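The structures considered in this document are given below.
In what comes next, chain A is part of two complexes: it sits with chain B in the first one and with chain C in the second one.
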Partner chain A sequence: MALGLEKITSGEIYIGGQVISSLGSKDIAKRIQPVFQDPYSSLNPRKSISKIISLPLRALGVAGTKKELNELIDETMETVGLPPRLKYNYPNQLSGGQRQRVAVARAIIMRPDVVLCDEPTSALDVSVQAQILNMLMELRRELNLTYVLISHDLAVVEHIATKVAVMYLGRIVEEAETEKIFKKPCHPYTQALMESVLTPDPKLGLPETHLGIAYPNPIDPPSGCTFHPRCRYAKGICHSDVPELTRDGDCLIACHYPLS
Partner chain B sequence: MTQATSNNKFDSGLGLDVVFPSPRQIMRQRMIHHKGFIVGGVMVLLIFLMAIFAPAIAPHDPFHQDLSIRMIPPVWNENGTWNYPLGTDNLGRDYLSRLVYGCRISLLIGFSCMMIAAVIGAILGLTAGYFGGTVDMVVSFIITVRLALPAVLVAIAVVALIGGSMKIVILVLGCLIWDRFAVILRATTKQIRAIDYVQAAQAAGCSVLRVIVLEIMPNLFNSIVIVATLEIGRAILLEAALSFLGMGVQPPTPSWGLMISEGKDLMLFNPYLVTIPGVALFILVLGMNLFGDGLRDVTSPEGRS
Partner chain C sequence: MTTLLEVQELNVDLHLPAGTLHAVRGVSFNVQKGETLSLVGESGCGKSMTALAVMDLLPRAATRNAKILKFEGQDLISADENAMATIRGSGMAMIFQEPMTSLDPCYTVGNQLVEAIREHQSMTLKEARERAVFLLEKVGITGSSSRLKQYPHQLSGGLRQRIMIAMGLMCGPSFIIADEPTTALDVTIQAQILALLKSIQKEFNMGLILITHDLGVVARMADRVAVMYCGQIVETGNIREIFENPLHPYTKGLMECIPIPGKTKPGQELGSIPGIVPTPIGDLWGCSFRNRCNLSEPRCADKDMPLTELWPGRAYRCVTAFNKVEPLSGEELVCPKMY
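So, the complex of A and B:
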């Protein structure tokens, strides 16, 4: 939606004080770039790496001369830790980690303000995940980027994010600083989510989350608070009224009976 | 793969200057080991050479009639002579020369029909697959309508109305055989459209036309080429059928379909008049289909069942 690929049904998205729907697709492209989840499907198999990386430049018509373009491609490839000799290779010759680096290079070559990372590491091996994450952190410092990180991997979120919004069934249920949300979750769902993290020690068994197993149908969500059928603190009002996202101390929370 | 610089910091001393085989090299390897592709390719190539060098190959003028030498049987018959290797027809024209010149007509018709069909089919299929929704419904309806019309019947009707000539046959057939292009490209475009790199291109600010032409089209190239080879075979057969019915290319132009048609009256006593162009037609269409099938296997082996 933020990329302008989907139509906004309600509400607005602001970037740098401007409403996104008032910008053309090219202006959006200059400010926001995506990194997709699966590096195996996000690179066109028929294009060489240099073509893929320089796509945003050529699409926006700011490519400049061939020499400048080449230099910029080399520079960007080195920034993301790719040897420039891979320039003329094709995606099928690269490993998953390298492909994801290419995807990141494509996203940052325009020097955007915001990079939208949709589960940037979930398709990668654990060892490669760490490399990619560290590279993302370094790039954030060097290029002064903002990331919008979508992830289910709590360790990744804790490592990278400064501010976290927890979503349940398409709604934000809690939003706070990373440290706060991991140390003292207020929403029952956030609490269950934190407890659900598996421990490396097999003797401890599976974590107890008190959620039950019935996952509701997202197309036809439950009435009132969408979380109430699985919530162990649910009371009468939770069945009928949708809780609003309200400020409670230093966090935003959508719950009738927040934990304190 | 021409890059041989190893002086930058990534390559130094690591022995990383290994050259990967490029997709093209891999494809070449597969081509050499695919029998159908080689056999079909050679057949098509030979017929192509025959068409190009027709004046050099044909021993006589294909239009020259001489009733004193009519109905000479081919060399393998006891009355055959090497002067007329494939004999002569009932007007005394050299059959080999007519066969050689006829393949020009067949190839011309096959290729131009395929071109027209490819353009129509690609435009319809790509728009339907890319935009989906209402556009897709409209295009699907057009495809269904087209499939409901038997090609030969419509072609006969049109040619009977406006009269047969090569131009009209090409136009009519080209406008009738685009259905396979449209159906296949619609399905493949739909598939590719859902893949992330198309979204990445859109997010990079590419226009719709650019996404379709530069991002999606290269990935459709295999399908287009494969359907094209099959459609050439189909167009050639249809032209032969039309000419056989007297609705296609008009005499005295040498066309393989027309040669079969002219020979059919004398088939009982001189079967070679029908079998020779028939075999030629068979070889061309078989070669085209083998070649197309092989091309499919060579370019996208993962799609093989």
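So, the complex of A and C:
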């Protein structure tokens, strides 16, 4: 939705203070660019790497002369750690990590304000994941980028994010600074999430999440707090009343009985 | 302990237009009753191919040869298709990675569960259904008799994976191969499914091969680990040996790659292994990791890279590994010989 690809049912999205619905799709694209999950399906197999990377510039009509465009492509490829000689190659000749670098290059060539990374490393091997994460952090420092990182891998989240919003069944249930949320989760769901992270420590056994088995059906969500059927702290009011997202100290939380 | 599965010098070659791909090269291991062996490695390192070779479910383009391949004392190399069909399912079962693609969308869950057992044992439909209901409850599915009438698309990922596990258990196998059983699942569901697998394994005293690339899963589940790279086992050991004192540079690299909540400092640069996993096509020699290794020396390219055995069950395939190693104190050396 933030990319303007999906219509908003209600509510508003602001980018740099401007309402997104007041902007044309090209204006949105200048401000926010995506990096998708699967670098195998998000790159057009019939276009060369230089064509893929420069598409945002050409689509928005700001490509400039051929020479300028070429220089910018080379520069961007170097920024993301791709040798410019790969320019005339096609996606199928590249490895997963290289493809994800191409996707990142395509996203940053416009110098957008926000880069939306949807599970940027979940399709990659562990050893390559670290390369991409390192690159993302370096780019953030150098280009002063803002990332919206979508991920289910909490280790990655803790490593990269400065602020975390935990979602459950379409709602944000807790939002706080990364350090705070990892140290002291307030929502029972966040707590269960943290407990299910499997750190590579052979001395610890498998965690008990107390979650019950069924993930609810999003078409017919449970009444009240949507998490109550799986929550070990649920009481009467959780079945009937939807908890509002309220400020509690330095975090936002939607729970009738937040953990202290 | 009794040996369930014995594999020695297993090789799998895939004959492709581009040349022969050596997917599995000289892999040897044992699995005992009630034990979990984890095969760890990145995609394309041959871990799934090893599993398929044991089950004799390799794709047509592949050839398998091995010095020894024995399951419960029975030779699998000479076993014909009929004998294998009997062993598969009733003796050993496999839980596949993608519950969505490995369940048939055209049949109800009940149909698929019952089919397997009726194939292997003479059982009335009613008895088979009862067994299915019993197992669904075992894997934590409530209202199981109504679940039997549902189709796979009506179930969530976690439920489907539970059904896959129940299906694997239908004929009471003594040995299970779980190929990335939780990769497609949410973190919270993952923890539950793993706990379930472990409790069932304990209850039935089954041998388990757990194939995964997730070191977190390995650490919490396995008794012994075999790290694979490019079709070879590059390091083996029991779980604590591998995690507390990895010897092979690749194993070390893998451990440094992953951010660990509470250990790695947020924002700090992660260790990474440069380059990409090579494709083992054509003639191979020396250490296959040498191009990505920061310790590589000219002798790493020598013709053969032997597996150095330190003591039974602990071995590594490297000439430059420098750690001083001793058996961990207080650790009983019960590990069987791995190669």
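In this text, the second predicted complex is superposed on the first by the 257 of 260 C-alpha atoms of A that agree within 3 Å, B and C clash if a C-alpha of one lies under 4 Å from a C-alpha of the other, contacts with A are read in each partner's own complex, and residues count from 1 in each chain.
Operating definition for what follows: contacts are C-beta pairs under 8 Å (C-beta built on N, C-alpha and C of every residue); 3 or more make two chains touch, one makes a residue touch a chain.
Bear in mind that the values here come from a model prediction, so they are computed numbers and not experimental data.
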{"item": "Of chain C and chain B, partner touching more chain A residues", "value": "C"}
{"item": "Chain B versus chain C as contact partner of A:97, first or second or both or neither", "value": "second"}
{"item": "Which superposed partner A:211 touches (first chain B, second chain C, both, neither)", "value": "second"}
{"item": "Touched partner set for A:26, first chain B, second chain C, both or neither", "value": "first"}
{"item": "Chain B versus chain C as contact partner of A:56, first or second or both or neither", "value": "first"}
{"item": "Touching partner for A:42 - first (chain B), second (chain C), both, neither", "value": "first"}
{"item": "Which of chain B and chain C A:134 touches, first, second, both or neither", "value": "second"}
{"item": "Chain B versus chain C as contact partner of A:219, first or second or both or neither", "value": "neither"}
{"item": "Contacts of A:198 with chain B and chain C, given as first, second, both or neither", "value": "second"}
{"item": "Sites on chain A touched by chain C in the complex", "value": "95-98, 125-131, 133-134, 137, 152-156, 158-160, 178-179, 182, 192-209, 211, 213-215"}
{"item": "Of chain B, residues touching chain A in the complex", "value": "1-3, 5-6, 8, 10-11, 16-17, 20, 22-23, 195-197, 199-207, 210, 215, 218-219, 221"}
{"item": "Complex interface listing, chain C residues touching chain A", "value": "42-43, 140-142, 156, 158-159, 162, 186-192, 194-195, 198, 213-222, 239-240, 243-244, 253-264, 266-267, 269-274, 276-277"}
{"item": "Residue numbers on chain A that touch chain B, as the complex places them", "value": "3-5, 25-26, 28-30, 32-34, 36-38, 41-47, 55-56, 59-60, 83-85, 87-90, 92-93, 103, 106"}
